[in-house]
Amino acid sequence: MAPSSEQKINVISLRDLERQAEKVLPPFGFHFIAGGSGDEWTLRENEAAFDRVVIEPRFLSGVKVPDTTTTILGAKLALPVLAAPMGMHGFAHAGKEAGTAKGTAAAGALYVTPSVSNLSVEDIAAANGTGARWFQIYFPEDPGYAREQLQRAKAAGYTAIVLTVDATSFGNRERAARLGLKPPPHLGFGNMPKSPALAGQNPDLQKKDLTFADVAFCQKESGLPVLVKGVLTPGLAAECVKQGCAGVWVSNHGGRQLDHSPATFAVLPKIADAVGGKIPIVVDSGIRRGQDVFRCLALGASVVGIGRPLLYGLALGGAQGVEAVFQRLKAELVMTMQLAGTASVDKITADYVAPAVRS
Amino acid sequence: MAPSSEQKINVISLRDLERQAEKVLPPFGFHFIAGGSGDEWTLRENEAAFDRVVIEPRFLSGVKVPDTTTTILGAKLALPVLAAPMGMHGFAHAGKEAGTAKGTAAAGALYVTPSVSNLSVEDIAAANGTGARWFQIYFPEDPGYAREQLQRAKAAGYTAIVLTVDATSFGNRERAARLGLKPPPHLGFGNMPKSPALAGQNPDLQKKDLTFADVAFCQKESGLPVLVKGVLTPGLAAECVKQGCAGVWVSNHGGRQLDHSPATFAVLPKIADAVGGKIPIVVDSGIRRGQDVFRCLALGASVVGIGRPLLYGLALGGAQGVEAVFQRLKAELVMTMQLAGTASVDKITADYVAPAVRS
Amino acid sequence: MAPSSEQKINVISLRDLERQAEKVLPPFGFHFIAGGSGDEWTLRENEAAFDRVVIEPRFLSGVKVPDTTTTILGAKLALPVLAAPMGMHGFAHAGKEAGTAKGTAAAGALYVTPSVSNLSVEDIAAANGTGARWFQIYFPEDPGYAREQLQRAKAAGYTAIVLTVDATSFGNRERAARLGLKPPPHLGFGNMPKSPALAGQNPDLQKKDLTFADVAFCQKESGLPVLVKGVLTPGLAAECVKQGCAGVWVSNHGGRQLDHSPATFAVLPKIADAVGGKIPIVVDSGIRRGQDVFRCLALGASVVGIGRPLLYGLALGGAQGVEAVFQRLKAELVMTMQLAGTASVDKITADYVAPAVRS
Amino acid sequence: MAPSSEQKINVISLRDLERQAEKVLPPFGFHFIAGGSGDEWTLRENEAAFDRVVIEPRFLSGVKVPDTTTTILGAKLALPVLAAPMGMHGFAHAGKEAGTAKGTAAAGALYVTPSVSNLSVEDIAAANGTGARWFQIYFPEDPGYAREQLQRAKAAGYTAIVLTVDATSFGNRERAARLGLKPPPHLGFGNMPKSPALAGQNPDLQKKDLTFADVAFCQKESGLPVLVKGVLTPGLAAECVKQGCAGVWVSNHGGRQLDHSPATFAVLPKIADAVGGKIPIVVDSGIRRGQDVFRCLALGASVVGIGRPLLYGLALGGAQGVEAVFQRLKAELVMTMQLAGTASVDKITADYVAPAVRS
C-alpha cells in the first residue's frame, strides 16, 4: 500500500530521494515510477548528457541575491521549474495528486495535471488552490471526449493545454515483468467521461494517428494556449512555431517511451536554434540538480520540468515532501546563480557553459 | 542433454533470454552459443555500436498501423528479419533445426539453413513447410561436394544461396577451454555427402583459398541468387555488386570469427554507400531490439538477421519459443515505427537517426 | 578525536594516503576533508582530466640532476609546489595548522594560510618560521575586519595575499548528511577579530557581492601582491592581468564549491593563453603525482598547489607527515623531469605533452 | 621460491597466463613481473589503445597458407616476434634466462638478452644455441664496463645491440610496497664485471645523462648494429635514423618506467612516418594477441616484442612454456592473416585497419 505520511522531509539532494523512496514504496509502485523503457538507455543518458557540459562561473560579478523568479505564458513562478505531468500519483501516496498539486503551489512552481490522474482535474485544482496550473492531455480516440476534458480543465482554472505526442504507443517498460511484480488494483481515473454519450471511453485509449489537426482541435476547443510535449527534433519544433503553438516541450517522457531516443539535454541546443526565441521552451527528463536547471536555461529552455523526484518527495512526506523537493532544487539554483554570477534567470545564457572535454 | 520442451514462452526482451537459457542448457552448449572469439571484443562491440546512434522520432506524423512487411529476392516476409544460419541447433534443443525452421515460418520470417546443420536440408525444409528459406554453405574443399549440397538445397525449395566467406579459418573461441568444458558426443551432420564419389568429405573441411570464382561456381551450379555473407568493407561490397551477386550480407559471424573486426552496425553506412541500392543488404551481429532493426534499416539494410536469441527461444520453448522471439522483436519494431512516424519499412531512412553525442 | 602522532611516514604515493588516513581519522573529519560538493563530478573530473594528456619524454637529452627549484613573487622554493589554503586543520590533527606550516617549510615549499584556520596567523607564522608564506582571505562582510586580517598577516611575515572568489555561497557538501555524521564541537577560529569595533564578525560570514573593488582593497590595505584564487575562465584571467593582480590561481576549490564546474587541468591551457606569461599562474585541484605537476607546468602553470594529501600526511605523522608528502611529490617530479629530459622547471613546456588519444 | 617445472603447457590465450602464473609464483616475483609504475595508467593504456583500431579483413582473397616468416637485420625469424629484454628471469623460474632463451630459439623467434640477467650472456647464448639473439644494455656509469659487456656479447654471438634509453631513473613501481611484499635474496647478476679494473661496477648503476654519444660508443665498441629502445616520439625516431642507428624500438618499458607516457600503439603511426621505412621498427608493450601483432605491423612495425607472457610461460613450463607462448601467438597471427587475406607479413599494411569509431 502506498505511504500516507504528511511531514517535513530533509532533502539532501534530489538524487538521494530514489533510494529513500524505495524503502517506503511497494515494489510495483516504486519500479513503475523509477523505471524506463527497454534497456533504459535513454533513462540513463538523460542524466549522463549533463556530464558533457560544464558551467563556467564568472566570479567577481557582484551578484548578491540571485532572483529565480520567472514568467511563462502569463504565470508568475518563484523558480523556473514545473511539475511535469505524471500518471497515477496514487502509486506514490494515498493522497494521490492532491499532495503534489498542493506542494507545488506552496513552492510557487507550476503544476501540470496529467489526464490519466487518479483524482479529477477539479479535485486537483482545488488542492492546487491559487497555484499556477496547466492541463496535460493524452488525446483520446473520441474527439468528443477530448473536448469534454479540455472544457473541464478550462473551467477548473487550468491556463494552458499540454498535448503529449510521444505516447501513441505504449513504451515497453519491462521492469515489473522482469522482477515478477504484479500491479495493485487500479486506483481509478479521475477524469473518466461524464457525458453519457462518451460511455466506454477511457483515458488509456488514445488516438494513435495524431497530427497537427489535433493540436488545432485543442487550441480551438479550449481557447487556451497549447504546448506540444515530446519534441525531440528541430523540425517538429519549427513546425510548432509555424502552427501557432504557445510553446515547445522538449521531452522523451523521462526515458519511458521510445528507448534510444536522444537525451533531451543533448538535443536542446538545436531545438532552441529552430525556435529562435519565438515561443517558450520547456524541457524535462533527467533534471536532478540546480546545475541542471542552470544548464538547460543556458542552452535555451525557459522553464524545466521535474518528475520522479516529486513523486519520491510525495511518497516520503506528502505535500510537504513535494514542496521540500522544489525548495532544495531552488536552493541549488540560487547557489549556482550566485557562484556563476547571474543575477536573474534571463541572464543565464550559453556564455556560461562549455563542453567538458575541450579539443 | 539439450532441452526438449515445446511450449509458449513469455519473451520480455531478447536480451533477457540469455540468462533464462543459461538455466536450462548444458554448460558446453550454452557457452558454444553465447560465446565469441578471442577477447570477445567484437561480440560486445556489436551491441555497443548501437548506443552511438539515436533514433529521432517524428511525432504528429499520423501513422496508425505501421506495416512491417517486406520482400527480399522475391520472398515476402511479415517482418524484415531472418533467422541467421547457425550450426548445430542440437546443442540448443533435442529437435535440432526443425523447431527453428518451423517457428521461423510461423512468424512469417525467412529461415536460412546452415550447411553444418544436425538435420538434413530436406528435413529442415519439411519443418519449414511453406516458409521462405535460403541455404547457407561453407564451401567445402571438394567442389563436387559443393555441387551436391547446392543441388540438394535447390531441390528442397531453398530459393537463394548464402556463401559464407569469413570462416576460412576457425575462430579462436576460448570459452570452453577456459571453463574446462568438454563437448558432448557429436550430434551428426545432416548434410553428409550422399554420392559415393564423395566419401570422406565432411562439412567441417572447408576450402581456405576462396575467391569470387567460388561465388560464380555457386551461381552456376545452383542457378539461384547468391549472397556473400561476411562483408565488412565497402571494397568487397562493391565487388559483390560488380560480380553479379544477389545481395550483400554484412556480418562478423556474431563476433565468433576474427575478434577485433568491426561491429557490423559501425560499417553498415559505408557499405550501403558502396552498394548504392543496387542489391539488397542483410546485416546481422548484435541485433537485440526493434530499435536495432529500425536503425539498421535506417542506415541501409534491407533485412536484418538474428541468431543467438533464436537458439535461446528454441531451448526454452522449441518452435513456439522461436516464434515468440520473432513476435517480440516485431512488436518492438511496430512500436518503434509507430513512435518514429514511419508507416512502412521502406520509409525508414537515415533521416530518422543521428549520432548520440552531438558536436 | 583527531590524531596527534608526530612521526616519519612512508608515502608510497599521494593517492594511497586517503585510504590510510581514513583509518586514523574520525569519520566526520575524514569526509569533510575527502568530500566534494554535489555529485562530486568535479572532484572526480579534476583527476580524470589528467588522463587525457600524456607526457612525451625526450630521451638521450643528457640530463643528470634535474633542478626542481623555482621562484614565485620573490619566494624561492625547493619545488614548484605550495600548500593550498584549507580551513580547520584541527579536523586532521590535534596540532592544527602548526604541523602543516612547519612541514611545508621543512620541505622548502610555500605555505598558504587560510583565513578560516583554527590557529591564528601569528601562531601559524611562528610554526612556519623562515618558510615562505602567503595569506588567503575569504573577504568578510565588514571591510574593517578584512583590513584587520590583512594587516595582521602582513605583520606576521606573509608576503602575498590570496583572495578567494569562488566561495561567495557555501558549496553543497552532502557527505556528512548522507552518512548521518555530526560535526564535533567547533575547534575555534584563530583569526577572530581583535578590534573591539569588530565584535560579532566571524570569518565564516563572507561578502557575497565581491568585485574587483575588493581586490583593489586588498592590494591597497595590505600593500602586498594579491592573487585571485578561483579563476576558471580566460575572461577572468585577462581581467586579473588588467587590474594589476600579482597572479592568477586556477582552482575549483578542490571540487568543493560549484559542482560541474570544469576540471582545472582542462581549462588551464586557455587561461595560460589569456595570461600570456604576464603574471604567474598557480593551479590546484586534483594534483596527486609528479607527472601531474609536470603536466601543469607544461601547460602554463608556474607553481601547483596541493591540498587533501597534506592533511592526510598531517593526520598520519604531523609535520613530518606533511614534509614526507612534499618529498614524495618532489621525488616523482625529479623522476619525471629526468626521464622527460628537462633539466629545470622553466624548460617544462607544452612540447612535452600531447593528447592521449590521437586523431 | 620460483617454480622449476619443465613441461608442455596449454596456452588458451596469452592473457590467460597471468592468472595461471599468479597461482605458481611467489607474490613478490609475480607482482614484480605483472606490475607497472605509478598508477599503472600506461600499463593499462598499452592494451586499451588496441581497442581503438579495428582490423578490416579482405575476404575472398584466395590466401591458403599465410607465411609468417620475416627477416630483421639479417636474422631470419619464423614469426615477426621477439622476446623483449626483461631483467632477472630467476623471479619466474629456477632455470633463469636459460629456459627463455631456449624456448625462444625453439619457436624460431629472436631472443634479446637483458644486461641485468641472472645468468651471464655466455650461458644464455649457450641455451639459445643456433637461435637469433641480440644483447640489450643499460649503459653503465663506467664506459669501460660498457665496453666489456659489449665485447662479451659480441663474442657470444649476439648480432645486434639494443641500448635502452628510458630507464635513466628507476620507475616508481609501487605494488610491492603497497602489498607489503619483501623481495627474496638477490639471485645474482650474470654480467658482473670480469676485468679487475672494473671492481665495484654493477649493472644496476646506470649512466643518467645519456646522449647520442653513448649510442655512438656502442656502435664503435661493438661493431654491431645498434637499436635505440624506448622511442616514443617522432623526433627521437628521426634522430635515430640520422645518427645511423640500425633500428628504432618503440617501447614504454611495458608501462614500468614513466607512467602517463603514451601507449606505444598510439604513437606508432607517427613514428613510422618519421622513420619513413629507412630502418626497421620494433614495438613492444601491451601486445597479447595475434591481432595485436597484425595491427602493429599494419601501422609500421617490422617486428613486435612480447614480455610478461613469456615469463608466465617460463614459470608454468620452463623452455617448453616459453615456446608454447610463441606458438600460440603465431597460431593467432596465422588465423588473422588468413582471415584478413594477407599472404605474407610484408603485405600487412595500413589498408587493413581503421578507427573503431567512425566519424
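Residue numbering begins at 1 within each chain, and the chains themselves are lettered A, B, C and D in the order written.
The rule is short, and it goes like this: a contact is a pair of C-beta atoms (placed from the backbone, for glycine too) under 8 Å apart; a residue touches a chain by one contact, two chains touch by 3 or more.
If you want to know which protein each chain is, UniProt gives these names: A, B, C, D = FMN hydroxy acid dehydrogenase domain-containing protein.
All values reported here derive from a predicted model rather than from experimental measurement.
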item: Smallest count of steps, each to a touching chain, taking chain B to chain C; value: 2
item: Residue-number overlap at the chain B/chain D interface, same or different (half cut); value: different
item: Label of the chain whose CA centroid is most distant from the centroid of chain C; value: B
item: Computed distance of Cα centres, chain D from chain A, in Å; value: 60
item: For chain A paired with chain B, centre-to-centre distance based on mean C-alpha positions, whole Å; value: 42
item: Contacts with 2+ other chains: residues of chain A; value: none
item: Touching pairs among all chains present in the structure; value: A-B, A-C, B-D, C-D
item: Chain C-facing residues of chain D, complex; value: 38-39, 41, 45, 52, 165-166, 168-172, 174, 177-178, 208-212, 214-215, 228, 230-233, 235-236, 239, 257-262, 266-267, 269-270
item: Residues of chain B that touch chain A when the two form their complex; value: 10, 12-13, 15-16, 50-51, 54-65, 289, 291, 295, 331-332, 334-336, 338-340, 354, 356-358
